[in-house]
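Since the structure comes first, as structure tokens, the remarks are kept for the end.
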């Protein structure tokens, strides 16, 4: 599998990169940085440091993309991840430097010159993917598969009641990408909450193993632990990005999925970035029920994933 | 308890009326008819027939209210309830006739002349309540409590992915009422799905008891059984309205509730009538998390109700 | 002509009432008060005082209507009209008191019991008319004609760039009424600006005539003179309401009008209450131009009125 | 003046290119093609043919940009300009071919490598400019000036009552660009209608001069003449793009302009792409009037241009 990871590297974004780097059979062709969690340059540094801590310095090019959402004012998640996105660990600056080529061009060039070969894991707001699509709509057909972490699947959001962070940051980009016609799979915040929380025992094992990567994991996780304790009553190790990566790498982790019609709200503040997700009616059904969405599905939505096998994969990676 | 039921009488609306009629200590002061499920006059007939079949002819006045949503085109639920709202049973016309007074005035007059005494169970689109409020905002303080069946609590809707039927029909009315300042409790479609589906054994008991009211129940339920079988795979006896009534009459049925900030979407088609429901942040929390809604709760939302005790109450009523 | 004036009495609202009172052949059947320009009770007092100053005490009943917009927060125009709506003249309290009947019911009862006989001049936000329509949609057919002052006709608004005050205050009410199906004529802020500004010489004549009503006119106009001087560079005597009244009373003042398709924006803040006004395409034209609105006109829109004859009428009234 | 023209070449777009080519002191550095009026490739051909007919083959590079609006479905103006955008003249294919470089990169590279040197005339939907900004926000400071043809200035639109074609096609792009912080001047459809219609005598002179370029002008104008005759009663030679070009090249043609606050509607269909334009209040004024927009102007808006001198310039160019 030839993979591009588009990321606003902070917290779990980094673990997702580790997973891709350390899984045999996966070639991480590029890391592309998108605006999102924390300061844009800091996100680049976080990606570069993650490569270094994993022993992959200079093995994967890092491209910087769009530093701002398309038309919304910037928001960030520093309250969740710390100002540096790494629980304020303030890691040393990595030796590898970002490429001068723009992430949008890196995506277009890789995808267009390798038709049917490249998967993208989009684990950030979708500004880069949307801008690549605006520039070169033919990536829709040339890309093998788009894996998106974003949205909610008819459950409470993590940013507003109606919405999840990645979609909230750039709803127009999300709407563009979801409706562009990609072969695509959506991994929602709802999935994170039902399948992407690391079990306590797994967490204990990680803490106990005391490898460089397990220490990296524990250090990076401290701020999210604190915030989830306040929000949910106990510290949660939530893995939206790395669970999506795990599913992309090994689809047998997907226990349940549905072909859905997905759309994104861009016209209202109360429901900004709400992801409408349903199994659409077919033509016959639409004659009876005139209000429910009808038509062809445009996105596979993961409904349930194998938490235990995901945890095993993550632990295995941190144990190297 | 002195109760007004505002209803678009079809299917479970009728069972809710039966519950109120037959519960000792509850005085049903008025039934007010609102646009919604089926043809407006037919809904009036359904309410009148329900009184008759329960032996309450001429004991509860029925007032006709607003025949249309405030500013949306009419929609109906005849595909779910049958054209007559009663699974096309085409019951004979009741002897009792509706009052000439308008439902909006009946509501205002009853509430204003009995301050602190009257509860309203709003189990239809909220056009009547909203119009009563527009005409006489002081009902907000004079009403003892408003029980609303409507909206979804961060789960899939029953009309569109984003919305429940009562709110969908008249979103502006829903937004008006939810934000008016009533002491109010919301019973959502989410609650119906987790607590308001009659267990199979309860249904079997009702079918077996063969009383006039159990036969009425089974007859009225046939169309919903057919439609839920298509939608959900097996016939479901869903009770949004009568569960709300049961909770209003006996609050001990409410197993879990939360004081929430609720608002309703009126500005977009994709998310038309979406009900935003969350526990709002307090002032301190709002300094850390700037995106999540903050402020004072405006509505109690029922999260879980006692399905078994609800079933017992319903069965007891049908056994009379 | 049998007329109801629905008014948020302040400034020009009062002159419009004078015009109706003093024009032979016009019977002012009722004045109904709607939320809008200034404090609701004060508006009632302003209407009552206007009757008194005109010598019509106890000759026209005044009914109080909806004190709040349907679902928007209250806004007012005290910065334009003074806190009392009468340039802070603080007139003595009139002897006549408002009726106990609600304006909404006064409108419905008058219209329904005199089908084809009554005209309404709506010179305030449309909350009362919308609520009357919600309660009794049959007023649409029973009303002879609805004259609405509101909206802009493709020109700069007076409240935001996109909108005029009456529509801005209660956009949902405006949208309800415009689309309800009334025989109706719209007099916009655009018309006020091109035909409803009193010429300087007319103003000089009014000032010079020194009658009780001319003194009333000059007193009431002081605050608007000050504000228009700031806004437009010189004091303007703008007459949205009384010009509409004059056109309703004598249609020969309408120099130019068009049958238009009108709609009102309720879904966005930037364009809140924008009135979309155009001559719609017919079926043939719509095959060529697929974006311009097509269909049947729903409203006559006055494009130009006879300013000089309007001024003469107003002066004649103030000279009595 | 070093100029880039971003164009959806059809009709007046071509005349604007001629004006830039033939005006001494203006260097047309690049033509960039954006989705809009007609088929994307055809627009490219139209630009290339325009260069050829003007004798500028291979002297100005033509770059193809974004073939689709950001997130809206495509619309076109073939009903106005003919299927080929040139009144179906079906001109022969030009010898010059478009560059392989993308328009977005051509814009970014030219602007960033010549800070403070380049002007852009954006006479198409703003997809290219918006995408360039999304990729490289620093063009905002590096560009000398952005000249935009688009929007309406509080008057009737040409695509819907609320909107002008360029903004209507891609409202999100328009909103992005208008709010990005460019030094910018807006030339609206309102300006076209009051200052950009060629006087009849000028048109007669062009027809009579019988030069290659005047024949080109007359041929290309036939379809718009037919459509404007249907729409406005007589054939109009409307020049939104070339008037903007003339103003950019020679600012003395601008007779009246205002520093305004401009924003674009993206959240509603009725008012899709409406351009809100006003002189904003300052801080002191905003204390009195709380509803009118306040803040700093973000755009100079041309209110009136010198039609006669524009006509002379156009005629001079066509006479070469």
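Going in written order, the chains are labelled A, B, C and D, and every chain counts its residues from 1.
Simple rule for what comes next: a contact is a pair of C-beta atoms (placed from the backbone, for glycine too) under 8 Å apart; a residue touches a chain by one contact, two chains touch by 3 or more.
Quick caveat, the model's predicted, so the values are computed rather than measured.
At the interface between chain A and chain D, over half of the residue numbers appear on both sides, which makes the contact a same-residue one. One copy, chain A, sits rotated relative to the other, chain B; on C-alpha atoms the angle is 180 degrees to the nearest 5.
Rounded to whole angstrom units, the spacing between the C-alpha centres of chain A and chain D is 39. Averaged C-alpha coordinates give centres for chain A and chain C that are 55 Å from one another.
Looking at chain B, one finds that residues 267-268 touch two or more other chains. Within the complex, the chain B residues that touch chain C are 66-68, 70-71, 102, 104-105, 127, 130-131, 134-137, 172, 175-176, 179, 266-268. Interface of chain A with chain B (complex): residues 75, 79, 154-156, 159-162, 168, 263, 265, 267-268, 270-271, 274, 276-278, 288-293.
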